[in-house]
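Chains here go by letter, A, B, C and D, matching the order in which they are written, and residues are numbered from 1 within each.
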């Protein structure tokens, strides 16, 4: 017997109301129920960081949360960060620094870094590496990502 | 990797949560941060038929000083709150120091202090630290509550004294006496991995720099946190010279623990690490105890 | 531009566009690549064995060259000027000495449309061409990597302090993308040296089938990689390129073993396996201690 | 041609879409009415399949279909070989045994698919998988490649005399003769273990059959869309024009997404036609460890013959290569290993013998490096040990053996993975090695820094390794 719950959640400023089974993972809800496929799913056991989103401003693994738990909360996904015509400064910096190869881990890394850079506007290399140590990337060896974060920090502090 | 179906309740008070637990007994699981439970369910290794979600119970989220200079933490306090708390850094620096070693930033956003302790993973830092600091845990059911010392709480792999109708609601830590030093030493493959071996040490010196009190607690060497009683006893009344520390570390590694083997480390390697890390932890703790004026009255 | 290879993050949308943009004198952002769609292209095997920069890139270069020839032939007729007096830049064909006599590529493309009677016997409609490239044999790239590491023989924990990679993969199309390829390869190589081993038990069960137990290096384990270049062109293809896709991963386990032996001369170690876990290092050191 | 762009650090045109989540990956494909697949996979590595009961799974609400080998009927066929054995080398043994869509009589590795469930969503499909009752009779298991070659080893493929999948010998010069003349022989057993490619994106296939237009569209995380189209057309009895394969943005591949056909890659389109519904299967991480190909497992008995002054006279090596349960990818990996075992060195005498071995493990196919790291590991390890034995500096012994710039094109007289002759087209190796030594500060480190750090009790070490990479290999025959 399947029972369902009503969920009302604000994602990227838009309010969504849906009915979900309690076991539906938040990652699947965002991707398949709301069509926000920018959040990627890779391990579904909380290690790789691909599905990182901001939940009430905090970076979380959306594969380790239930959609029903998002009821009444605010979520930011990569789609809410910037568009290809109007990139967020962090996205701009990632573009310039060649921080992207296949791009699969990228949204999760961006969402991890947004609150990190707010808290640490001028991070050093070690802090950056620690901040993204919960995000696996198989293409870049991380170096250009670290460079992108440094560049973003510079851009963002210059624009203040 | 999708969880099996379950019934779901999201109570807003401890009382309500306890009613659900009492009704469903062994079929129910309390859902705290979910950072261990949900992956286990995604692998379908755990298939609870009822989940009681604690995330809407606001009374379980707090970090408070207590009147004796100690600390009280609500069970649902998130790791990310703990790692940013000045009260924690002041009154329980060992906990503060451990936080960055606990999983990844994203896990710490969601994972909870009580959830980690109640899950009783033998590799978890907070269980060992709670024992090292002489912490106590408050368990509540519909009929009342009980306080359990952390060193009596863990009874086996993923097993604690919590009864199916009970909830861990709070942890409390006593004031750290003057001339107390602490350290946490770990070896992990990658910084956020479960440690191959870890050890928390807390030592208190008297005015003559003799060791008055010592506690050494390991993680990842047994079914739960493992206290090195013999090694700790050997330190009492001693000046903590390198030789004494070395001997105690050897005793901890050989007499106090009986580690197992897995794909990451053999028992022999774990024993060797335990000796090395205990020595290093005691050295740091001793140095801090000698140098700590912060807690001197 | 359409190609038969698929793309998995190698930057083909850009590096291939660079080749076409140079051949046709257009902005690199105006070159749009379609890959991995069989309705757009019908022949090809795939992206493997570091073939992108060698096989696909040279096919693309050849087809762009033919399109350039078509452009110049048609423009010569339209502008009534000999081909060798025409210039092709910024999407416009000009007569070199009389720049006001010009036509844009877009306008020229319309004139190449067969519906408008542009086709004469022996010519083809449109400004398009298809080319294939198949080298006789492979191009051999070369490189040298160097590393400095620090090992704690009490805990067996190893930290790579410095990493240098010098590559000679012939003509470089995009150094930024090349460096990224090397960084990623080295990162996998570090995994293959010290972290990543699939462990099977005697029953054929995989004991570390999760990303908790199968250890992929994170940003905290992969060091900064300093990249140097030398360039020896391949005579086997017009661009002179060689591949680099797998290069980063190739020397790392051998390099790691050499550096680790060098760090522990007192043990006279022989590392004859890869990957080498700290647990195995512990066993090797214990064996040596017993021998000594 | 003006070189305005070639050779420049141009930022990538594809990045804005990837940075904003706008890029399409296979799992992003949503089609109304789409069904979802999950597989029952074997828990045993080696077992006879006695019976399957799918009735409970079929009865589950939301389940549309369950297929097994039996219900597939005549559509069940083993996959085509991807690469055939080399025709030009004498005495090659090659037993082609390709993977099957679903287990028929015998399971050959943990994770091999036994049944496929099609349901409204993946959650229900996984529930139904749990409801399938399967009776497997476990057999002795072949895990270790050396044990696999022992005469009494259980057989992965019952119709063969042994677990030998392939055997190929390649020779240059006369190693046996030069061995007699050598001043020093370094001989070691060297083992390289398995790893995973573990691309961040797992594999996935979406298939949509349009019965009215008799057209199949397949989105596939493949490195090789055109061969997949051709193979699907052949297998499903369609013309190539009736099949469109799209490999959209792929979240990393590193080799295993070149393997074809994976069972799922053939089954999902087949099911879509059978049910006349769009069907999606997205591999999860757990499946990725059990169903996506892996690499590197080899055991070498290697030796190097040298002169007192460190000149390599020859290299000889006999190795076992772990193929896993099947060998669809032919000899690509062992050939690459053979081609890299002389490294960048001028080696006149070479003997290499490779035995490819069936085991009850996941299939191996190239993973970034593809046999090359193993070859380089062998030659460099032997050379390091020789340098130590002879008291020659590690850089110096390498310098003495590098192929000189005037020797190109340099022919090795063996064949590469494409069966073409192994010819080193061009190169100037010394400046590259010198540059690396210079950049890392080799001399300064060894003279000053290392002794200073050692005095402080630190254990720091330096290494330097030159290597080659065979790239851009030539004309390839299409599979199937």
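Here is the rule we use: a residue touches a chain if its C-beta (ideal position, glycine included) is under 8 Å from a C-beta of that chain, and two chains touch if they have at least 3 such contacts.
Keep in mind that this is a model prediction, so the values were computed, not measured.
Peer 1: By label order, what chains touch chain C and chain D together?
Peer 2: Under the touch definition, chain C and chain D have A, B as mutual neighbours.
Peer 1: Tell me, please, which two chains come out on top when C-beta pairs in contact are counted per chain pair.
Peer 2: By number of C-beta pairs in contact, the leading chain pair is C-D.
Peer 1: Could you state the distance in Å from the CA-based centre of chain A to that of chain D?
Peer 2: Distance between chain centres: 32 Å.
Peer 1: Based only on mean CA positions, could you tell me how far chain A sits from chain C in angstrom?
Peer 2: Roughly 28 Å, centre to centre.
Peer 1: Let me have the rounded angstrom distance from the C-alpha centre of chain B over to the C-alpha centre of chain D, please.
Peer 2: 43
Peer 1: Going by the contact rule already set, what residues in chain A reach two or more other chains?
Peer 2: In chain A, the residues touching two or more other chains are 2, 21, 23, 43-45, 48, 98, 100-104, 130, 133-134, 136-139.
Peer 1: Residue numbers in chain D touching 2 or more other chains?
Peer 2: 11-12, 14, 123, 198-199, 249-254, 284-286
Peer 1: Listing for chain B: what residues touch at least two other chains?
Peer 2: As it turns out, chain B has residues touching two or more other chains at 1-5, 43, 190-192.
Peer 1: Would you identify the shape of the chain contact graph, picking one of line, ring, star, complete or other?
Peer 2: Shape = complete; every chain linked to every other.
Peer 1: Touching residues of chain D toward chain B in the complex: what are they?
Peer 2: Touch residues, chain D against chain B: 122-123, 126-127, 130, 284-286.
Peer 1: Which part of chain C faces chain A closely enough to touch in the complex?
Peer 2: Residue positions touching the partner: 8-11, 176-177, 179-180, 182-188, 210-212, 216, 218-220, 222, 224-225, 248.
Peer 1: Could you pull out which chain A residues touch chain D in their complex?
Peer 2: Going by the criterion above, the answer is residues 2, 21, 23-24, 31-32, 35-45, 48, 50, 77-79, 81-85, 87, 91, 94-96, 98, 100-107, 110, 136-139.
Peer 1: Can you check the complex and tell me which residues of chain C touch chain B?
Peer 2: The touching residues are 154-157, 195, 199, 207-208, 210, 212-213, 215, 217-218, 220-221, 277-279, 282-283, 286.
Peer 1: Would you tell me which residues of chain B are touching chain D in their complex?
Peer 2: Answer in residue numbers: 1-5, 43-44.
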